[in-house]
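In structure tokens below, several structures.
The two complexes that follow have chain A in common; it is paired with chain B in the first and with chain C in the second.
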Partner chain A sequence: MSRVLGYVFVLLFIVGLNFALPRLLPGDPLTALVGEQDLIISPAYRQELRERYGLDQPLWRQLVEYAGRLSHGDLGYSVYYQAPVAKVMGPALLWTALLCGTSFLLSTCLGTWLGVELAVQRRRSWTAAAVGGCLVLESLPGFLLGMALLLIFSLKLGWFPFFGALEVVSQVTRPAALGLGILWHLILPASTLMLAEAPGVALLVRASLLKVLAAPFVLAARARGLTEARIKYRYQARNALLPLITRLGLRFGMLWAMALPVEVVFAYPGAGQLLYQALLKRDYPLIQGLLLVSILTVLAGNALADWGYRWADPRVRSRA
Partner chain B sequence: MKLTSRYPLVVAGTILLAVVLLTALAGPWLYPYNPWEYAGKPLERPSLTHPLGTNDVGQDLLSELIFGTRTSVGIGFAVGLISILISLVLSLSSVLKGGMWDFAIMRLVDAWLTIPPLLLILLIVAFVPPRVSVLILALSLFSWAGGTRILRARGLEIRQEPYVEAALAMGASAPHLARRHFLPGLYHLIILSFLIQTRRAILMESSLAFLGLADPQHKSWGVMIQYGMKFMALGDYWLWWLLPPALALGLTLVSLALIGFGLETRFEPTLRS
Partner chain C sequence: MAKRSLWLTVLILVLAGAGLLSAGGGATPRPYLIGDPQGDWGFPSPFAHNPRGPGYLRVSFLFDTLIWKDARGFIPALADSWEYQASPPAYVFRLHPGVIWHDGQPLTARDVAFTIDYLKKHPHPWVDLRPISTVEVLDPLTVRLVLSQPYAPFLEEIAGTMFILPRHIWEQVEDPIRFQDARACVGSGPYRLAEYRREHGLYRFVAFETYYRGKPTASEIGFVQVGNELVALKGKAVQAAAVPPEAVQELKDQGFTVLSQPHFFCLKLLFNHHKFPQQELAFRRALAQAVNLPDLVAQTLRGYGLPASPGLLPPDSPWYCAPQARYPFDPAAAARLLESLGYRRTPEGWMRDGHLLALELLSSPAYARVAEYLKKSFQNIGLTVHLRQVDHTILDQRVKNQQFDLALSGHGGLGGDPKFINDVCTGPLAREFLGGYQPPPKMVQLLTDQLQTLDEAKRRLLVARIQEQLAYELPALPLFYPTWYLGHDGRIPWFFTRGGIAKGIPVYFNKVALLPGAASASPP
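Let's turn to the complex of A and B:
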């Protein structure tokens, strides 16, 4: 229950920030609502705009109206694209969902596998090197990794395209070629995010596993003659499940945020790239809409992780 | 020598970090040119007068790199310091006061941890001009929650200790308890979360600068990378324009991570392999 309260609180905080920031700004909140290029206007027109956006109303009336518009899914009107914000965001959000979803799945699988192996084979010398590698990768910012991959694999070797998400010419050809083009463009940005994400997962799984390597239940499982793979994943790695779920919920949000600079590096047409363009063009309604939707997504990911935690932990389940 | 063999990661990280800090402190005596001075022709290749060449308007890249150390590392340490202070005050007060105060603080921490900081900082700097002070405040605003949770958990354990009970029975005041009994038991966690927050702050500052949202009056590594990226496809320019700031940033972050990981392994023996 208190968890739900927490989400409601975060949501209110962010909507409040979204509402307050343009109005707290020194200068005219009209700048934030219609963009800078429209400021050179006659006083009469300015007054008309003020009335249209309700800026002549008292603050609480504005807040009520803002909340009312949000509840209808009306996020405002993009100044640069001259279209409703929701419409401009749609395709970009889909691209980001594809990018984040792919790298989220891949990094979880790869990280879990690597973490289990690192813990089980802890006496081998390669694991020490791998742990070091994981530490280095985890501490580097995503855009640096992305630039390294971009430089090596597309600029120097020319194996992968260096911008966009689609083949420009293939829009007219068969769907198979289209799909292949999407995959081709996805590989580098998705591996960047995966390289940035998987090491953290691996280190977490490794740490959880090291605690139970010699636990009595492992000995019992081995005595019953279960296969090593079953012991590793069904028995030992089970111990890492709860911290992993907690982390994945948080990491989903971080991944969404980390995708932003990576999308800029690869000129991937996702939400991060759109946000970047909106920031450059000072398209305030679009910035606010994008951030609101992103944070909603992140909160949804967290709520999902909470639910998963409940599902995976028998102790919490039986108490509820 | 013994120290090196026992904590190789910590020693390596500390040496790396010391080099970076010295560069930051000695910066003004080290850089050959003023980083804003048009010291040469645009896009010069590395030479004796300009060891890392010049950028597209003829400013010396080595000077930019050395100057950038101050901005990047300075912001990182300031944020680390501010956020650990906030965490310390909040966690100690929540342990010592308990009750509704503790409940409220912990719910706030839970909620705060779900917010991805980069997104909200973007929202803030989109509206407020990103001066260095604004960046430090905005970054600190989103860095205190994790530390608070860790420090509070350990603080609750310390609260159960007999010596704390004895001090309480003798009527020790809250400030006295905090200074005399809680702080010594929290030192290692304070250092760890300071390292973590500093690292995250440097990382986020560089990401913001890379997106062109840093203070335009203070060049940093992220800003250099942002401009260098535009000339990435141009011949070998990335070798002296992009690689040095990327390496400097990477090495700083890695050194902080190494120290943190080494200390964590030291404090929690089960993690030792």
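Let's turn to the complex of A and C:
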């Protein structure tokens, strides 16, 4: 209960901060909206925009209006996109959930498996090369990796599309083709994210596992005649999971930020790119909406990490 | 391991095959696509589009104006002909007979009158209707727009920019920006909206079969967001896109058509005219003579650009006239000019009344190299300059609030009607575009006169004198006009519109290129 109250308090505090932070940025949405186009914008239109978005109101009044709208579930109206924030954010969040969710799952599974194998087979020659490869991949910026994949698999081989998350010509009449199209567009960006994330997971699992490889409970499990696979994953890996859960909890909230360079390279219509544009354009309502979702994601990540800790480690459960 | 690799290869091949299937294996015709890294430019209605040029451009495929421009100048659009009447000053437009909206309703002079009334109540970002005093519908196909006084930019700024709205749809719309359903896109242009996906930056237009100037040659055309324009173009995923100068030769070798755009964007060094010594003409000239503009272009643009004219207008502008006042690179002359202001050169820098002259130069990341070059040039004459890099919006805001010494700022629209010089020089915009410069009465008079002079030859003389005055006064130091390129597959005869599309959008995608007989719209 106290944990839930704690999360509610944090949420309220952050909603307040959420309102203030965009407004602390130098510049205002109108300057960002029209930019050099100030030459063209008619004076009447400029004034109309100022009134429409309440930018001529004192700050306290804007806060009251924001809180009032939020209490009704209304996230406001985007200044730059001239559309309801929920309508602008919705599709982007869905694509981000698909991209980040896929890469998160794949990188966790692949990274965990690779980490376990690297630790267990540490005396084999290939593991040294694999660890080196992981270090290289871990240090490569996401956009560089994405660009390399784009040049090889799209431009040279022509296997995958160059941009977007869907075919340009709508395929709504053919759901199967639509699904395949989404999958086809997802492969390169998701692979980029997976290749950027999995090595870190693998190295962490490997390092954690090396500490428990020769633990007495492993010897006991072998003495009981358990299979090697069961010992590896049920006993050794589970005991090495705690640092991984911490990492995953932290990464969960930052997924869309990490996806930003990949979204830019593949023009994948995700929320990371949208937040970046919203910040550049000083689109206060959109920044507020996206930050709110981001905060909820971080809180969810922490809650999942909490839960994961208790699942993985009975000692934490008994202490609670 | 070999087994795993085999499985992986099979998986990739299956997925790639799935990709081919999902693409329809060529069964569905793909539209002609134009790639754009920015993507979304707002809902394509006359009110909800983003107020920048690309937003207007997308709507121009759906909605027509009274007149339009091709490579040579004004051409008929909704109006077949137009004439000016001197007393009272008025324009009479005769509409093309038989024009229909996308929903089949006829377009009449009443729609034109309605549009003007509606835009007066609901301002449009691009159209300032204050010069129009009354509108008279003379018959279903003739409309007379009476002006409060002669207004030279009328054809370009209003008749050639104002989208005509269907009265039967918009007369019930109270909040035009939030009116964003399919009916908001019913226009009289050569294309109808087939699909708009905000998150993909996708605008797909299909040809309007019964368009009054003939069915467009491309049955479908679209704009879509791409991550890398060059890669997408080379991979033929899009058919046209802006490309970097370094790729021009390679693209030509691969059979693409590459066009360079006229130089309608200028990067300027702004001076804060509310501060000393920037408000002094001698100081501004000193800085102008401290910079080697051809070398600046060679170093920072790798030669892909033109050194700017001190009169602001580029040589590509139909209104350009080379000013007499020039500021050739001469560091010694620059130093003498600083001395004339009472500054004394010391090992620390230029001193006056015991104070060291040190200025801050604001720039955005896009112009970091230019800022570095300028700092070095100014250091060569002993001037201390500190660089400060901020993002584009912060820079604009600080310039607007006069919180700067020197700033690098650019703007386009240099090809349009010379009214833009008035916007730049006078009123509240002067603060943003020329650092708070107050033009002398002589200049104000010239600016007023050029707006009211309908005789083109006389107006040309006035605009030439304005350029001369700008070059003499140097309210800002124009640095260069960058060269931008468009690469395309050659299927559509894109051409550059005289002065830019509508009131000066400097891009190639004029809808006239998609109409029958478009090749004749290109420059001779």
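The rule we apply is simple: the second predicted complex is superposed on the first by the 240 of 320 C-alpha atoms of A that agree within 3 Å, B and C clash if a C-alpha of one lies under 4 Å from a C-alpha of the other, contacts with A are read in each partner's own complex, and residues count from 1 in each chain.
As a convention for this text, a contact is a pair of C-beta atoms (placed from the backbone, for glycine too) under 8 Å apart; a residue touches a chain by one contact, two chains touch by 3 or more.
On a predicted model such as this, the values are computed, not experimentally measured, just so you know.
Peer 1: For A:44, using the defined touch cut-off, is the partner it touches chain B, chain C, both, or neither? Pick first, second, both or neither.
Peer 2: second
Peer 1: Check whether A:88 is in contact with chain B, with chain C, with both or with neither, and answer first, second, both or neither.
Peer 2: Touch status of A:88: second partner only.
Peer 1: Taking the superposition as given, does A:136 touch the first partner, chain B, the second, chain C, both, or neither?
Peer 2: Touch status of A:136: first partner only.
Peer 1: Quick check for you: in the superposed arrangement, does A:199 touch first (chain B), second (chain C), both or neither?
Peer 2: Neither partner.
Peer 1: Considering only the touch criterion stated at the top, classify A:289 as touching first (chain B), second (chain C), both, or neither.
Peer 2: neither
Peer 1: Going by the contact rule set out at the top, does A:265 touch chain B (first), chain C (second), both, or neither?
Peer 2: both
Peer 1: Looking at A:298 after the superposition, I want to know if it touches chain B, chain C, both of them or none. Which is it: first, second, both, neither?
Peer 2: So A:298 only meets chain B here.
Peer 1: Look at A:276 in the shared chain and tell me whether it touches chain B only, chain C only, both, or neither; answer first, second, both or neither.
Peer 2: After superposing on A, A:276 lies in contact with chain B but is clear of chain C.
Peer 1: In the superposed arrangement, does A:76 touch chain B (first), chain C (second), both or neither?
Peer 2: Neither partner.
Peer 1: Residue by residue on chain A, keep only those touching chain B in one complex and chain C in the other, then list them.
Peer 2: 25, 32, 147, 150-151, 155, 264-265, 280
Peer 1: Looking at the complex, which residues from chain A come into contact with chain C?
Peer 2: 25-28, 31-45, 47-48, 52, 80-83, 88, 91-92, 95, 147, 150-151, 154-155, 158-171, 177-178, 180-181, 183-184, 187, 264-269, 274, 280-282
Peer 1: Per the contact definition, I'd like the list of chain B residues that touch chain A in the complex.
Peer 2: 107-108, 110-120, 122-124, 126-128, 199, 203, 206-207, 210-213, 225, 229, 232-233, 238, 242, 246, 249-250, 253-254, 256-258, 261, 270-271, 273
Peer 1: If we count contacts the way the header does, which residues on chain C are in touch with chain A in the complex?
Peer 2: Those residues of chain C that touch chain A are 12, 15-16, 18-19, 21-24, 28-31, 33, 35, 37, 39-40, 42-43, 48, 50-53, 122-128, 177-178, 180, 195, 197-202, 204, 222, 224-228, 231-232, 234-235, 237, 390-394, 396-398, 400, 410-413, 420, 423-424, 429, 432-433, 503-504.
Peer 1: Which part of chain A faces chain B closely enough to touch in the complex?
Peer 2: Touching chain B: residues 2-3, 5-7, 9-10, 13-14, 17-18, 21-22, 24-25, 32, 122-123, 127-128, 131, 135-136, 138-144, 147-148, 150-151, 155, 207, 210-211, 250, 253-254, 256-258, 260-261, 264-265, 275-276, 279-280, 284, 287-288, 291, 294-295, 298-299, 302 of chain A.
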